[in-house]
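Pasting a structure here, questions to come.
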Amino acid sequence: MSAAPLLALDAVSKRFVRRLDAAEKIVNLFGGKRREEVVHAVDSVSLQIAEGEVVGLVGESGCGKSTLGRVVAGVHAPSEGRVLWRGRDVESLSGAERREATLKIQMIFQDPMSSLNPRMRVRDIVGEAPRVHGLVSGDEIADYVDRMLLRVGLDPSYKSRYPHQFSGGQRQRIGIARALAVQPDFLVCDESIAALDVSIQAQVLNLFMDLREDLGLTYLFISHDLGVVEHLADRVVIMYLGRVVESAPAVELFADPNHPYARALLAEVPRIDTRKRVFQPVKGEIPSPLAPPSGCHFHPRCPHAKPRCREQAPALREIAPGRMSACHLNDG
Amino acid sequence: MASTETPIAGIAAPRRADTPFRRFLSDFTDSRLAVLAAIGLAIVILAALLAPWISPQNPYDLAVVSVFDARLPPGSQSMDGVTFWLGTDGSGRDLLSAILYGLRISLSVGVASAAIALTIGMIVGLVAAYAGGRTEGVIMRIVDIQLSLPAVLIALILLAILGKGIDKIIIALVIAQWAYYARTVRASALVERRREYVEAAACLGLSHARIVFRHILPNCIAPLIVVGTVQTAHAIALEATLSFLGVGLPQTEPSLGLLIANGFDYMLSGKYWISVFPGVALLITIVTINIVGDQLRDALNPRLQK
Amino acid sequence: MSRETILEVRDLRTHFFTKAGVARAVDGVSFSLARGEVLGLVGESGSGKTVTGFSLMGLVDPPGRLVSGSIRLGNEELAGLLEEGWRRLRGRRIAMIFQDPMMTLNPVLRIDTQMIEAIRAHVDISRSAARERAREALARVGIPSPDERLSAYPHQFSGGMRQRVAIAIALLNEPDVIVADEPTTALDVTIQAQILYEVQKLCAETGLAMIWITHDLAVVGGLADRVAVMYAGRIVEQGPVDAVLDAPYHPYTHGLIGSVPSQNRRGTRLTQIPGMAPSLLALPEGCSFAARCPRADAACKVLPDLLELSAGRTARCHHPHGLVETTVGEDA
């Protein structure tokens, strides 16, 4: 890649701190040992996404996928590191440039109900932002909303209704229309089809693919469903407890995962064409992000763990062109 | 473009063409008692609004009030042949008229103070929930302290400082009650703030003010309405208490509380009606408001909605 | 299959008599289950899977009512039992696992208390014997150090562990049949695989029969012996897993399998089923899939019967896949 990537994360970390409340502070005055709890939801993640690319972000629950997605979309500010939009640090932008960067990155959420304001009609949900930002003039807004609804496959004659009057799949389409209405270049989809029925999932996935084709959108597609990511993504990034453990082109990753966690994860995916298989699960549970294991976070569950893995966190290194992995085994 | 079209025909019509309001109405009318109370309350409010036109007498007009008619029992005739359906009070006013006018004053004081307290509490609560951190901490400490003191006590102290008068009592009631609204709004705004539609609004680059007042606030209205009704009833009762204690309204504008207080002296001499009828009016007002408020709570509770 | 049939359901109908009309949530469901067998019950949300499970457990509450049909467990008829009769059976001969394990677990009681009560509700044994049995059950579902875990509270377990405890409770009295309602849907793939592994072992070792309710065809493919596909309250296709998933008869099954991403070429549009499931309150006459079915024609205005189309395989369709060529072929 010669040009600057559309979006880049430079050693981004996000920590959540649960502060002590007054009662706990008083307990501490009398010798209690309450401490602030810190979750390293995202731990120094670097990532480049090129224009037009679809990057799949996978990992188990609590590994920080949603947090990373929200940092990218500007909902959370990173605790450390920089988010670069077209090569420029988003934090350093202001005024019209800042707004431009905000609008160009939109998010599609998981829960089609809670992501739509229940007290607003569809035409306001979709039309509010373009009107407020003056993207469309007052007398064109009605037409504009109709076009957005058509684009996502909804009948514009329903635009005076409220979200609860639609099915889950339709609500998700409303959310997509709302995002498209501010003419974004980049969509962060956080488990956007997970709450839908199987047959509806296929419809919405197809819509995402059509939009990519027609509008040249770039995606960060967050999902725990590896089948979906394999189908859609050009590149897949796998996270474990806040860190990226492997990043590779989708075809190569699914053909030959490198990181032991990636291998375990891919092996567990139930596939429709493997019948009566004998499940041979990775042992152990997902550790709490409040107290992640030392060294390589995966070592308590890793079948290849060595003493070194307990002490030293492996760096994410290039193991082949375009492929990165964070495992000591790659050191030969 | 053709490829983007998922066939619209395949997408069935959204469910039920209802609005939140119609759903609310059908939920509210589920309880017979609540419907009765709502009707009763409507009558009370109408009576208060229309008092100057429906009262047999203008109780403030000294020309029509005669001391010779004082303390007549219910159903008596006046010297000039007017029937006093509920009797007369100590200064010869028609009690029914006095009650209607008193109701007018009680309700206006209650509604006005509730409306002002609601507005103040709502803004404070929203700011606390949305700002979070230190701002929220400080605001909520003040609210806690305020809520730990009895409202009557606060109002009594304030009135002792401010003196009598409708404006003074409204100020006292507002100060005694805003914290309830602040707490209610903050609680629901905290829940709403975590919803994804608020994050979506942030992604869409909408201003904080717009997010707070256009997105979060409309979703906090339901509990506010419920608390608002109940607190209006409280305000009315509180005002009656204060007037009864003689620190509320001046004698020239008698509210229900003052009417009760005025009649109280005659209770022992068997002239019960002077106190009891204003008392009944007060009771009906407060009880209907509370029943309506209770049913509003059920009808507006999102968790009970299917 | 020559194994002994343990559960035989015939023409089960459970309807909900609501203000808005009668919802025929389960409308003529029949299947049988042999010892040691796993039957996968798949379908989209609202298709009546949970209500089927609840009907088998006698857990249908008003406005729902078991309208007709027969449920034979061993040689006992369950349809028409009174609450007293159900209580005697539930947890002893037939048990249920829910998507949310907290449906089974009481948050304020220790695990051992709950398990011992569950045993002593049905058999008259000492507390220490019951505790021993509880310990064994925990060990059997793969809970490490069961002795310590017995005296923990539910909130001290992770989601996956809680689900294991719920399964252990279901196993306590060695029931003949367990109805599992989407027990792994909310769990991560590695944790799901661990549970599927334990369940698979249990059925093979103990002859436990299981109804595994899910919307995930891949899980059914990996776990079940036979599969029944539900649509709008009826079973539309039933048969051995391999046969059904490889060559489905019913257009709905066909569409469902086709819309799974891994069944499609990477990056292409998914084959999708258009539209969405009809409301149970306004079912069309005839085949309820007709509005979404590419094969629908005039004949489909009449409700098709569930017919045996080949050995051990039934489908409810006038124009099933795979058979059409031979029945209406030109030179036939």
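Think of it as A, B and C in the order they're written, each chain with its own count starting at 1.
Please note the rule applied: a residue touches a chain if its C-beta (ideal position, glycine included) is under 8 Å from a C-beta of that chain, and two chains touch if they have at least 3 such contacts.
Quick caveat: nothing in here was measured; it's all calculated off a predicted structure.
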(message) Using only alpha carbons, which chain's centroid is the nearest to the whole structure's centroid?
(response) A
(message) As a test of understanding: of all chains, whose mean C-alpha position lies farthest from that of chain B?
(response) C
(request) List the centre-to-centre spacing of chain A and chain C in whole Å, with centres computed as mean CA coordinates. (result) 32
(request) Take the average of all CA coordinates in chain A, do the same for chain B, and state the distance between these two points in whole angstrom. (result) 47
(request) Averaging only over C-alpha atoms, locate the centres of chain B and chain C and give their separation in whole Å. (result) 53
(message) Among all residues of chain B, which ones touch two or more of the remaining chains?
(response) 6-7, 11-12, 15
(message) For chain C, give me the residues that contact two or more of the other chains.
(response) 272, 274, 276
(message) Using the touch definition from the top, which residues of chain A touch two or more other chains?
(response) 167, 169, 203, 206, 210
(message) Quick check on the complex: what are the chain B residues that touch chain A?
(response) 1, 3-8, 11-20, 195-197, 199-206, 210, 214-215, 218-219
(request) Show which residues of chain A lie in contact with chain B when the two form their complex. (result) 70, 73-75, 99, 102-103, 105-107, 109-111, 114-120, 128-129, 132-133, 150-155, 158, 161-162, 165-167, 169-170, 175, 178-179, 182, 203, 206-207, 210-211, 213-214
(request) Give every residue of chain A touching chain C within the complex, in rising order. (result) 60-61, 167, 169, 197-203, 205-206, 209-210, 224, 226-228, 230-232, 250-251, 264-265, 268-282, 285-286
(message) Which stretch or stretches of chain C touch chain A in the complex?
(response) 44-45, 158, 160-161, 188-194, 196-197, 200, 215-219, 221-223, 225, 241-242, 245, 255-257, 259-264, 266-267, 269-274, 276-277
